[in-house]
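Quick one: the structure is below, questions incoming.
As written, the chain order gives the labels A, B and C, with residue 1 at the start of each chain.
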Amino acid sequence: MLPEASTLAPAVDRIFWGLVGLSVVIMGVVGGLVLTFAIKYRRGTKAYRGPLPDIMSREVEIGWTVATLFVALFIFWWAAAAQLPHFLLPKKALEIHVVAKQWMWKVQHPEGVREIDALHVPVGVPVKLEMTSQDVIHSFGVPAFRIKQDVLPGRYTSTWFEAKEVGDYHLFCTEYCGTDHARMTGTITVMEPEAYARWLAEQPHGEDLAGEGAQLFTALGCSACHGAQARVPAPSLANLYGSQVVLADGSRVTADEDYLRESIERPEAKVTAGYPSTMPSYQGIASEEQVVALVAYIKSQDGKRSQAR
Amino acid sequence: MRSDDTGLLAREPGETSYLTEGTTLRSWLLSTDHKRIAILYAISITGFFFIGGAAATMIRLELFTPQGDFTTADEYNRLFTLHGVIMVWFFLVPSIPATLGNFLLPLMVGAKDVAFPRLNLMSWYLYIIAGIFTLTALLLGGVDTGWTFYTPLSTLYSNSYVLLAAFGIFVVGFSSIATGINFIATVHLLRTKGMTWMRLPLFAWAMYATSLVMVLATPVLAMAMLLICAERLFGLPIFDPRAGGDPVLFQHIFWFYSHPAVYIMILPAMGVVSEIIACEARRRVFGYQFMVYAMLVIAVIGFLVWGHHMFVAGQSPFASMIFSFLSFVIAVPSAIKVFNWTGTLYRGSIRFSAPMLYALGFVGLFTLGGLTGLFLASIPVDVHLSDTYFVVAHFHYIMVGGAVSAFFGGLHFWWPKITGRMYSESFARFAAITLFFGFNFTFFPQFILGYLGMPRRYHEYPPEFQVWNVMSSTGAVVLAIGYLMPLGYFAYSLLNGKRASDNPWEATGLEWTTNSPPPKHNFLEPPVVLTEPYAYHDWDEAPGGADETTQDEPA
Amino acid sequence: MSAAPILVEPFEEPERQREAMVFGLWLFLATEILFFGGFFFLYAVARMQDPDGFARGGAHANLLLGTINTILLMTSSATLTIAERAARDGWMRAARWGIIFTLMLGTAFLVVKGFEYREDLAEHLFPAAPDFSFAGETGATRFWSFYWFITLVHAIHLTIGLGCVARLLWLERQGTLARRWMVAEVTTLYWHLVDIVWLLLWPLLYLVGR
């Protein structure tokens, strides 16, 4: 049987088996009636074949229509209510960046450790996945956790889980993505927190993401305009993440990951009010991983948040 | 009516039918007779059915073992794309409407032909042209995008013949639009004297509801396919995320067609099954009016549920909630129909002929298919099950267990009317039972595979899934044998079958009042309808029985 | 007075036949509306995401030629309506000239469109070309993708329309148009749709940047 390896899994399974039970009952009733009628009223038996009894009237029809509707709405409510908590991403979570490409998963831990087609996570800690794709649409599916989320090019999507059992679990790409779709699989290894810390320490450490972003910030020339000493009119990036930005057309957007990414790749799309639209596009100049690092750096340029980290 | 002649075209002296009006190839290929066009369609979709079936067989052979040993990854991807494209657009969508519907709808409403006979012929030619495009793509090396053509894979990354296939689908869309327009106009304007709306057989109602969906949904598919062509051909970056396009937008337009398309496939099946059950149980369809309204409600709400294909595609949770809600709502009219078919059997006089076996099989398989639809409408369960074999099993229960069973049932039921010959009842029953068990054997294990998490479109899979895959592949062998059997006994029936009387099942409905096979203009005298539909007994029956019927005479 | 119409299978009364033809054509128009509806939906989503980009792109559309074409098409709708009414009332000379004018106006539209395409190409306004003026700009790129896509689709519709109108002229030459004026009626309906689609495209493509 499929292990229930995340905190979400039991809730999903409860609904799943509830629906199985309902299906068995309905199949039993329909199948039972069809069989009973088929035997009792097969041609040649002496069963009564006159008009239907009065009770089988229009009211019966309306009755079972309404009853079915109530059952359907009840299941909707049940399933939707179970899903609501999962829509809210946890505030404090281990944030893992995932970049998908044909046909591999590239994973970066916040400390800078990288993995390919594998992900190590500690048990009992909420893990938030920030995902994007370099080419086509992929999907990050872990049956044992009952989670699945499409990974889109040009956009971030996220999902989260909290593993509750140590072990190795399948990671599948579940959106058809071309030739080696079936080989775009990996292993999720859930470890005790101490084991995870040990594992993390043993890995070759790159710069952590934000640090890597800080280097790129200079290397790619961002600091020439956005840096503290720059003389070119460009908006400051300090405390930008999460704030409300007023745009040239007067509308407001929240500076989230998608906004930051869009502004790096297509700067003309949403121009901050009061600044000329002079920034060149970094599409094709900064790779997908570099954009991830830059965004992580901008996020770290936040007094309060960087303290917490 | 009995004679000892052999051969389909040999008739008694002086007797003519649509089959004997001209025997040259030209008289068939340029015929505007709806019955001949139905035959043309029947022959062509049979061809496509076996092409698609061959692909399915290779897919199941590959999945016998967890390794990719029978086909390479690329071959496998091309096989399942081919299977999907052919089966959806070249078999399932035209299956019942373009063959049985084309043949029967004018007969059922008492008309000489469909409203626009030449448009009808054009629809078949469009279908063939589209088929040639798609088969060319196949012969050149195939398409590897899946039948869903998701962008940007289909527009930017695939090196296969997407353009040809997408254009083929664009063209085949026009053939279903032509059929749809024809059927709607026929039902509105060509009902004979006394054939009021509430006297239409449920099959005619099903054709009407199906046509509405065809006419309103297919153009959106045409736009989606054309946009793919534009992006591949001219490089117009409409779905290309690098140039600011939105790949998910494609999914919205695609499923806006493709979900209603499910109802294009299943509504006609519901019509067929209603006719067969009423006749073989000798009972008026229970809740006739509710059956009609249920079909219309399905046709309308079917347009509002496309988002349930995209619960994990990154759409807003709010949208997911609404689509989930509407998907539960559409389960209600489908359930009503199942209850009413069951109710029709009550106090009936049931004969287990081959068509009836198919119809009863349909009720069971459709119910299971519909119930598993509830799993996929529940967001948390769908997140786990989407893009796994559970989905594959679910839609095969609806489309193969449902639509194809009903198509076979209908084909047997109206075979005497279409060809004037009887088929071997015992062989037909044996085939029906083989198909039922073969089908369940093939697809039930896939529900379990899906729950265990096996993703669809994988040609290699972890070894723990093998046992269920072997079971499924074994069932597929039984299924394949079941599908080959009718070819044999139907061919025998054409050559040596016993002559059919005009109404061998003693069914009601105008199509049974004319000759078998019908004459060129269907009826020698324009028929007049004086009774309610399904007058298998002479008392009225609530609900929605004769006493409720409105009196709107057609002009 | 209209002449007794020619009946085709499966109809037995002229009135029912006309009703069916008009009804069938309206059903076809419904499919066309949904077809273009898919496009307008995409346009709306894309423009809402980047109104400024659309305005920047749209400013380069050739307003003069676009407007001339609008006038040509509107006039052609009028001439075809005159022709249809005339055919119904048996006034065949007016019908013939109405049809001829319509054909000329429709052809003129395509010629003007051809010139406009040439200018657009000269100004590097084809998004897939390597020297595209708005390379890298989301909104303007999308605008020009839509522009090329939908004007080409519209031109194909218009060409089919021209074929149908030419058939009317042929029927008139054969002398059967007076008895088959329903054909003129449904052709006119289709022509009007092509016209109305253009009337919606004109502000969406030519007025957006001004």
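As a working rule, a contact is a pair of C-beta atoms (placed from the backbone, for glycine too) under 8 Å apart; a residue touches a chain by one contact, two chains touch by 3 or more.
Every value quoted in this text rests on a predicted model; they were computed, and no experiment measured them.
The greatest centre-to-centre gap from chain C, using C-alpha centroids, is found for A.
Among the chains present, the centre nearest to the common Cα mean is that of B. Note: centroid distance chain A to chain B, computed from Cα atoms, is 35 Å. Centre-to-centre separation between chain A and chain C, using Cα means, comes to 45 Å.
Within chain C, residues 50, 137-139 each touch two or more of the remaining chains. Listed for chain A are residues 266, 269, 283, each touching two or more other chains.
Shared interface positions of chain B, defined as residues touching 2 or more other chains, are 244.
Of all residues in chain C, only 9-10, 16, 19-20, 23-24, 27-28, 30-32, 34-39, 41-42, 45-46, 50, 126-128, 137-139, 141-142, 145-146, 148-149, 153 touch chain B in the complex they form. Within the complex formed with chain B, the chain A residues making contact are 2, 8, 11-12, 15-16, 19, 22-23, 26-27, 30-31, 33-34, 37-38, 41-43, 47-52, 56-61, 64-65, 68-69, 72-73, 75-76, 78-80, 82-83, 86-87, 102, 135-137, 139, 141, 143-144, 146-150, 152-155, 157, 170, 172-183, 185, 266, 269, 283-284. Contacts from chain B toward chain A in the complex involve residues 68, 73-74, 76-77, 144-146, 148, 150, 152-153, 156-158, 241-242, 244, 247-248, 281-282, 286-287, 290, 312-314, 317, 321, 324-325, 328-329, 331-332, 335-336, 338-340, 342-343, 345-352, 360, 363-364, 367-368, 371-372, 374-375, 377-381, 383-384, 386-388, 451-453, 455-462, 537, 539, 541-544. Those residues of chain C lying in contact with chain A across their complex are 50-53, 136-139. Considering their complex, residues 248-249, 266, 268-269, 281, 283 of chain A touch chain C.
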